[in-house]
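Encoded as structure tokens, here's the structure I'll be asking about.
To keep things simple, chains are lettered A, B, C and D as they appear, and every chain counts its residues starting from 1.
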Amino acid sequence: MSGNVFGSGFVIVPFGESHGKCIGVVIDGCPAGLKLDVDSIQKELNRRRPGQSKISTPRTEEDRFEILSGIFNGYTTGAPIAMIVENKDIESSKYDKIKNTPRPGHADFTAWYKYGGFQDYRGGGRFSGRTTISFILAGALAKQLLKKVLQIEILAHTVALGGIKVERAISVEEIKKNTEANPVRCADPKIAEKMIKRIEEVQREGDSVGGIIEAVCINIPTGLGEPLFRNIESELSKLLFAIPAVKGVEFGSGFRAADLLGSQNNDPFIIESNKIRTESNNAGGILGGISTGMPIICRIAIKPTASIAKPQKTVNLQSMTPTEIAVEGRHDPVIVPRAVPVVEAALAIVLVDFAIQRGLIPPILPKSG
Amino acid sequence: MSGNVFGSGFVIVPFGESHGKCIGVVIDGCPAGLKLDVDSIQKELNRRRPGQSKISTPRTEEDRFEILSGIFNGYTTGAPIAMIVENKDIESSKYDKIKNTPRPGHADFTAWYKYGGFQDYRGGGRFSGRTTISFILAGALAKQLLKKVLQIEILAHTVALGGIKVERAISVEEIKKNTEANPVRCADPKIAEKMIKRIEEVQREGDSVGGIIEAVCINIPTGLGEPLFRNIESELSKLLFAIPAVKGVEFGSGFRAADLLGSQNNDPFIIESNKIRTESNNAGGILGGISTGMPIICRIAIKPTASIAKPQKTVNLQSMTPTEIAVEGRHDPVIVPRAVPVVEAALAIVLVDFAIQRGLIPPILPKSG
Amino acid sequence: MSGNVFGSGFVIVPFGESHGKCIGVVIDGCPAGLKLDVDSIQKELNRRRPGQSKISTPRTEEDRFEILSGIFNGYTTGAPIAMIVENKDIESSKYDKIKNTPRPGHADFTAWYKYGGFQDYRGGGRFSGRTTISFILAGALAKQLLKKVLQIEILAHTVALGGIKVERAISVEEIKKNTEANPVRCADPKIAEKMIKRIEEVQREGDSVGGIIEAVCINIPTGLGEPLFRNIESELSKLLFAIPAVKGVEFGSGFRAADLLGSQNNDPFIIESNKIRTESNNAGGILGGISTGMPIICRIAIKPTASIAKPQKTVNLQSMTPTEIAVEGRHDPVIVPRAVPVVEAALAIVLVDFAIQRGLIPPILPKSG
Amino acid sequence: MSGNVFGSGFVIVPFGESHGKCIGVVIDGCPAGLKLDVDSIQKELNRRRPGQSKISTPRTEEDRFEILSGIFNGYTTGAPIAMIVENKDIESSKYDKIKNTPRPGHADFTAWYKYGGFQDYRGGGRFSGRTTISFILAGALAKQLLKKVLQIEILAHTVALGGIKVERAISVEEIKKNTEANPVRCADPKIAEKMIKRIEEVQREGDSVGGIIEAVCINIPTGLGEPLFRNIESELSKLLFAIPAVKGVEFGSGFRAADLLGSQNNDPFIIESNKIRTESNNAGGILGGISTGMPIICRIAIKPTASIAKPQKTVNLQSMTPTEIAVEGRHDPVIVPRAVPVVEAALAIVLVDFAIQRGLIPPILPKSG
């Protein structure tokens, strides 16, 4: 059965494997008349790209994208947009041994079982973090549409990494100013330093760490979100859990709401500049699955990188005997920082889908450059 | 736009409002030949029903269900199954005042905005917790199919409530034995007592509490779950967030994974009775979005009941002036225990959808009673 | 698998069997603020209702509809609208014999095979023409929306019946004036008389006839229709073929186009009142699957009523031996006239779905009565 | 809104424009373990390819396909399969003049209107017949699956062209033997000659002709097809009408059923080799939208090629004044023969989608070569 199609108004169909020819995506439903901002797409790809710093995998990929369809004279046409990024620095030899020896924490075993051994196992194949390039490509377009038509911005940053946490409130300004200034994408520079140290420690031990990403979406119009199963939280979480390594999603006060009283957790309604707002934002900008007009706030738990150099127990799928594996190949001690732009992309894709469905982004954009 | 349709193989379409004629659901895609177990459906409705104890709303509803279509001679026919539960104890008078005064924490404001004031506001209308009857009805059928054909069982229980937490591991046996034995549906009887006391305290203060539900799904076959956007975590979280008051969802180690090392969080593969299993289950039974064969484990954060007797700040939507509201009407000081069967229903609906898609439940069941 | 859901913006989910409790439909995505016109819905039901004349089945059904959800204070709320029509004049006794003896031309055999004998066979069950009440209910709402917001009207009429054909062009005025004035719903009164005679003839012989319905949709805005698989012809034909007994669908010159030259079939573009129109309309108002702004014209072939009194060869499904069947029960010698409002309903449902998707009908209607 | 996604079990997502970089398709849901038969895909592309004979466009395209994803070691992996065919012989200069002068019978006007002038108009862009390469690519895979797993074969042939018709019944053997032996793909060699002469006549006059294609699908299992909106006729017609130039679709006796009596049109059930069959096949192998086990038979009306050399009336979209156009560029005097493999592809795509949904094709194929 099919599972690689997401969306109603802005539909994305990713394809491609880590060590195949390319990673790509088809976007269906993008309004006509959007001037393609090639640089901003490349910038987003670069944020996700490996080899950005010593705390990421040494796989070197330029990750240049190519447009196959849907753009004419520099503008979107309303036709499906296909885009690809070629895989170049492919070194598959080391993956032969994982063919029959599933790496703990990876999808090797479940993919093998589900696809009867026909899956492309090289580099995790279809389950590799590299496939999130599809999210980035579609998300970059989505971000452009949101910004241009609705002034919506999506800002993600690392709030926990390897047990080091940002405990205080972070302002939008801090996120904008600090997040890209350090390799862990933490909006608090001092905490960022601690996180980097922590990573270096575990890296030396051949181990890995996880973390938590927070995302803030601003300038959200009130009334976004469709009923019941297409409420904002359902759709956002659906796409967020499609990012490899995501194990938890919460909105507003989230799991902390379990400790609060109703009188603490409810956000009182107030009037600000003749608009209805809430005094606090424990709802994370969402009530009944519909946007309140306050920032949408969510937090995403990312598990530690599954690939570690330390030997781990596993089994041989052919002989059905116990064995050990120490994962060779190139891998990140932590994927949280590289997941930050992917989280932003996922949020952008869902929000633009809602905005198109609700008619807030018209099917033809006015030609303004 | 439409949002009230969920599923691919086992499709549910809920309808109905809290103070309208009924709450109902259409189920499309249920295999033919399932002997309808009327008692088990009613039992699930009773678990969710109000007025079960002093810690739930005094609204009295028998919640008897009626079948409108899809059943013939006591068996499912393969045709769409429509079921309804009539609303009987309707007391809408108290809701007139909320028409223009949105209750903090409720969807009153967003529904009013989104539907231009045409929404049925009585008792929360389409956003009322009462609409989860649709989940219960469809979930009861789903549970029957899962149990009968695949021996899958879904067991939810309260692990946190008003700040009182179950800190130790709970066995499946404990859940089965203890959960229904106390009104908070906590599998640890001693913790249950503390939770009840806590509720009584906040109830006296006109306040409310939230909590966390844990769900364990056992006998899950390996290989369940479809690629990317239809992975198990995405689909489960999508349906879980469609339950009113859910603000967080995590699988396996979830947010705790952010504190763990890769070597701690990865589950080593082992062989047990000639089957591949994992030694620990931090993955919550899911790798790459596909079931490993281990129990699926997730936790769901439920916010405190939004309706509280304490006065809260709000605004008048007509005059656009600040005002206060003290929510009258009948409401629960906590909805966590009543949400337990709803969570089970949601999980069952998703799992049966996957099982049908994967061909593990055939389109015609053998006639066995 | 599920097949009972249609649409993206205006979604319909029919349910119910001929001899079950009721026939119903859930409509999801109807804009808020439509004042429900109860009379016009009942009028459409009456047009389809049996027992209207001596050329239709003597089954007497009042076909009164009941609203279960989605309407509040006489207006649509934006929530799913569930409506039902109860089955009252049920006489199932005669259908016992068809349980194991499929009627030629009916779905008895294929339904039995597909649902393993669990199908409700009484009166054709889920495959009965009576299930088109769901189309009528949803179509009546769709027609109201189209007329009110976009002035779109949909006019169907019988152009062939039992070999008697309308050979000349029929104007919109004639359709409006004449169609409802005779029991065969033919816009040419003289041809109508011949058709009635023809029906009386075949009725006496215990036989039945088929025919062709033409539908004209006027005031269609240019640019309706989505790309490729959601083009107007694809979506209209999909819904038209879901009407029992439809065996052919053509648009504009249709099958006749096979005999024409390109220079004859192409519609020259002209300017009329500063709008681009076509001189002829062989395209049936659709080019590239998108509306040209000219009337949408299609023709639908309806096979002869499968139920006939004449004995026919069939087989006994239990003994697997040849046998004969003469279909008792109440049936129409022709269903074409009763299919006319069903065809209109189907077209309305698709067009309103497109109009909502394209943003031509807003999610909230201005409150104007 | 999005319209470029079709299917549930075997999902296709076409992309690309006539004069863009390539035409492509993503296929999602193809079972793992299908050995890719490169030659058979290329053979199908060649059947559709231009320049096959003097009666087709002189555009020369090799139409070699390239696989971007989803294949590993020569087998399908269960991951989405992306395939493209590059556009090479692009000569866009002649299309500048159609930018503002829509060609009668083409989608130039409606595409311009719908996409606000941003559409790629070169060679018809997204509405070009060349985009049917996507159907061919996906259909070739679908055909392989159907043949290999279920022995289903799909055979289309030309039964009418430019007013010349095949009036007699054609056997499956004749179709197999004769269809590919002449450039019009007519299974009756003598009629084929007449058709060719007719084409040569109209070609000299700068005109074009249309025709009718008949398709026969054999070895169809009983019980294929899902309820109501996913019945076989609905789904087949939906995809057939997505082929450019299709203006009519009928099944079995189709429009001819309007002239028949019920006693003539009903197919008597009989027993053959202990299987239930029908004596005649006026139902075209489909009752109640579900396959009877008899061959599925449909006929598709194809309008005359819209591009003709003769001058035609049109309008200038910028000046809104009347003008004339004589379509230059390379075009076929008839597209019926080239549409034959496209019709087969469309039928194969729908049938394989049904077979996967029904579980008749397993998610993993046995490795047999």
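As a working rule, contacts are C-beta pairs under 8 Å (C-beta built on N, C-alpha and C of every residue); 3 or more make two chains touch, one makes a residue touch a chain.
Remember, predicted model here, so these are calculated numbers, not experimental data.
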In contact with subunit B and subunit C alike are the chains A, D
Using the touch rule from the top, work out which pair, A-D or A-C, shares more C-beta pairs.
-> A-D
Approximately how many whole Å separate the CA-defined centres of subunit A and subunit C?
-> 46
Between subunit C and subunit D, tell me the centre distance in angstrom, where each centre is the average of that chain's C-alpha atoms.
-> 27
Using mean CA coordinates as chain centres, what's the subunit A-subunit D distance in Å?
-> 39
So which bits of subunit A are touching at least two other chains?
-> 1-5, 8-9, 14, 28, 78-80, 114, 126, 227, 358, 363
Subunit B residues touching subunit D - in the complex, by the definition given at the top | 8, 28, 78-80, 227, 358-359, 362-363
Given the complex, residues on subunit D that touch subunit A span 1-5, 7-11, 13-17, 20-22, 24, 26, 28-29, 32-33, 67-70, 72, 75-82, 84, 114-116, 118-120, 125-126, 356, 363-364, 367
Please name which positions on subunit B make contact with subunit A in the complex.
-> 1-6, 8-9, 14, 102, 104-107, 109-111, 113-114, 126-127, 160-163, 202, 207-212, 222-223, 225-231, 233-235, 237-239, 241-242, 244, 246-271, 274, 276, 278-279, 282-284, 287-292, 299, 301-308, 310, 312-315, 317, 320-322, 357-358
